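Chain lettering (A, B and C) follows the sequence in which the chains are written, and residue indices restart at 1 in each chain.
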Amino acid sequence: MVKEGGNQAKIWRVRPEWPFLLFLVFVVAAYLGVLLLLVGANVLTVSWRQAGEVLKDPNIQHSIKLTFVTCTATAILSVLVSVPVGYLLSRYRFRGRALIDTLLDIPILLPPLIVGLSLLILFNRISPSASCWILAGGALAAAGWGFGRGENGIVPRFFTGGAIVFGFIAWAFSGSDHSLEEVVSEVGLPMTFHPLGVVLAQFPVAAAFAVRTMRTTFDQISPRYEDVAMTLGCNRGQAFMRVVLPLAGKGIVAAGTMAWARALGEFGPILIFAGATRGRTEVLATSVFLEINIGNLPGAAALSLLMIMLAVSTLLVVRFLAGRGGTV
Amino acid sequence: MKRPALVIAILVVLLGGALRWLRKGDRVNEPGKEDLLVHCAAGLRRPMSEIARQYEEEFGVKVNLQFGGSGALASQLEVAGGDLYLPADQSYIDFAREKGLMKEAIPAARLTAGLVVSKGNPKGLQELSDLGQEALKISLAEKSASVGKFTWKVLEMEGLIDKVTPNVVVTKPTVNAIVEDVATGAVDVSLAWDAVAGNFAEVEWIAVPEFSRRAKRASIGVLTSCKDATRALHFARFVTARDRGRKTFLDLGFVVPDEGDAWSQVPDVTLFSGSMLRPAIQGRIREFEAREGCRVNTVFEGCGTLVAQMEAGANPAGYFACDTKFLMMVQDRFFAGQVMTGNEIVLLVRKGNPLELRGLADLSREGLKLGICDGEKSALGELTRIMLERRGLTGILEGRVSVKVAKGDDLVSAMQARSLDAALIYRSNALASPVTLEEHEILELNDELAFAEQPFAVGKETPYPELMKRLGEFLTDGQARGRFEELGFQWRLER
Amino acid sequence: MKKAMLVLEEVTVQAGQFVLPPFSLEIAEGECVALMGPSGCGKTTLLETACGLRRGPAGGRIILGGDEVTNLPPGARGIGLVPQDVALFPSLKVREQLEFGPRLHGWNSVEIMQRVEGLARDLGLENLLERSPGKLSGGEARRVALGRALALRPRLLCLDEALTGLDEARHEEVLGVIRKMIEVEGVTALHVTHSKKEAEAIADRVVMME
């Protein structure tokens, strides 16, 4: 017989667990329910005949192709950029790192329209000369920062050299009336209202997300591996290529799919900078907008479903790869 | 990832391939310079898409249509240029012209705003003030769209803003979006263009006087940033041609402001013009031909002659007359003319005025060899005759005059040939050639009758009335003015 | 008097906020020295500085085998490191771990094969050559790390807390292997540890740090 007394331990009473569990399940169910309703609403709006019509439309088919190509191009570009940037931010401590970090997040924070508008203005209103002045100024500031800190290593000299080169180009081209768009068009790379501009419009935001992902990836890889590799004779570059990159594989895939998904959903900058010309610069995101605009709701719903499916499968791929020990 | 270098190489190759595909996909129709970029109001999406398709089919030129609210497009214009702009309302054209962004504009369609309700009008809305009803859901266009700007303004002017605003549940950037809201039942009513409402079977459009008496004109205009105005105008003409674009507008339920021009690859028109205008407008006409890609056959004669030709059956598309009086003789063939310039009648004498002529009265002197124009052949002659009669100098007319010619130019030639002592000509005749004033001088008559006004009128029967209107504008725009004034014309046109 | 392999001359190191007082040490060729001290006294920092893994010493000189290496990168110093957390490259098999250094320095394949097989024999890794690091036990991993560090026949072998994370039963085994390898390879060794037992098991000499 158990006596309840001062010298015997009380059996602790625990409150029942099920209210909490129910609460959790309720929240999850409610949230999933909303998502289900959103998808379901689309499914119900789509008459399969109209969906078929929309998908048979050669303009839409071109839009799908263009979406794939631009998203892939943007994703690859983002990966190629974000790996070095993420590595630098992760491994090197330098003054102003916090500032650079914040600057790199700007495309994520800004409304996408501003990205598009800035691109439009940059290419059509600002002369290449002015652009070079801006770059020269930035390089000079970076150089000044480095020198101010007492370093006279290769990095500040690199920036000073850059400042001189840009300044020279700017001076050489000053007075020229052409816009940047005219210059790039001359060399066969038209941007504004052209397909290449779609990639340029998708890139800033996609890359920003990729950089974040890669930074975290590299943060999670112990610097110890590089240390050991260096004692074995590697310089930093060799340690990076032979030891760190292989480990970052999953992270890179995650960054790439993240960038791909962001590019898929990007709409504002593309509309402003590349336009939404049927059969030319129209991607799925703008297709939906255009279908809505002409009152073709079922068509828009069909495209929405297509995009939802694409987004979901992308996420599944990411989860799958990340779950195998990678980092997201 | 076993070999990072290999993966990177593969990625770079893929990227290169993707970018090349994008560039190629761009060049299917030749480099971007060949394509036309049109900023078009969203409400005109259906007709314009169809017209662009037809145009591409007929001419193989791709037309990029950028749709949006007229106001939103206007801001894009300034930054990104383009070839053509088609807003839903004239005010945007004016704005663009003021900013020097636009040149000519051709009216394309007429849009009237009204109430858009679900079919059957369940809420029984009849008047604009009904929008202040209880528990009514309204969707309006934003001010960046033409219809938005307009309807908000009218609501304010009618003092209905305070009653209506509480019922406005949503604003959208294009007119299509708000009509769609009514079609899906999300709102009860919206204020939109008649033609856009016509696209949706689930709605009906109700006219209200506040909007009907302020119908809007959508015009397609050529932007100054356009690289090849001829090609842009070619398309603009296509859009507004009565047997091309206009037809499409009508088929899709749009109202058009007038019949519009007939379609022709190279329109061929005839312009009758007073001969004294020749030095002023000849060069400009060539420029117009090049810009519009048309042919303007010009006939420069004394107005009397021109009128006679018309009475004999000639049917010019336009008439730039020496004086309003002569236009009035054939007014029934033309729409109302617009006075563009004025020309003073002056007395031309030898340099130094050896005969010491001072005014009209001196002209009745014995032995004076005076030259005037034939009153039946030219406006100058007619005006001279009227002037002399009114001043009591009919004697000159009745016998004393040595020379009577058909045109002022001929008098100048006679003066130069020393066959005349004095001549009554237009000032512009004297200034037409710099040589003239080397040996002669001008005496002003200071007589209010010594003046001619030149109106420009478009023929009623020409198949290209819009083209002719543009010709008239082109001949007398800011650039032309300088030339006119150099030649002694006075500017009469208020622009 | 045997030649000095490692000489630390008044080396001052900056560790975060605080600066370690100047430290001097001499290790003769072939000698094994244990550096002991309470945790947090900066011994690992000193070791890393000697390896060149930290931003150079704030003061003093480091001389290895007669060459001044104070400002040289780690790869140029001729050092082998067995870190505290072993840190085998997760993406490489055991054989590839051992081959890493020689491959990098361009040894021909015959040399590489011979060296790897020699090490595998000495370390008892013959059956483990094709394993991935995730499938090794603590003791096996440590032996691989040791082999990796010794593959290039470095002038100095640095060990940081060689027995961390191993259970008692393994201690003797690993210590034995380390002792044997030091003898077989004839390498100079610096062992940083907080355990007297560990220190005395391998070292010829023990140096105390404050």
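Following the convention adopted for this analysis, contacts are C-beta pairs under 8 Å (C-beta built on N, C-alpha and C of every residue); 3 or more make two chains touch, one makes a residue touch a chain.
Just so you know, these numbers come straight off a predicted model, no measurement behind them.
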Chain connectivity with subunit A absent, coordinates unchanged: B | C
Taking each chain's C-alpha mean as its centre, the one farthest from subunit A: B
Centrality ranking, top chain (CA atoms only): A
Where subunit B and subunit C are represented by their mean Cα positions, the distance between them in whole Å: 89
Length of the line joining the C-alpha centres of subunit A and subunit C, rounded to whole Å: 42
Separation of mean Cα positions, subunit B and subunit A [Å, integer]: 49
Where subunit C touches two or more other chains at once, by residue number: 91
Subunit A residues counted as touching two or more neighbouring chains: 242, 246
Where subunit B touches two or more other chains at once, by residue number: 1-2
Interfacial residue positions of subunit A with respect to subunit B in the complex: 66, 69-70, 72-73, 76-77, 79-80, 120-121, 124-125, 185, 188-190, 192-196, 198-199, 241-242, 245-246, 248-249, 252, 272, 275-278, 280, 290, 292-295, 297
Residue ranges of subunit B touching subunit A (in the complex, touch as defined): 1-2, 4-5, 8, 11-12, 14-15, 18-19, 21-23, 25-26, 31-32, 37, 42, 45-46, 49, 64-67, 76, 79-81, 174, 176-177, 179-180, 183-184, 199-200
Contacting residues of subunit A [partner subunit C, same complex]: 222, 224-225, 227-235, 238, 242-243, 246-247
Residues of subunit C touching subunit A in the complex: 48, 51-53, 73-77, 79-81, 83, 85, 87, 89-91, 100-101, 104-105, 148-149, 151-152
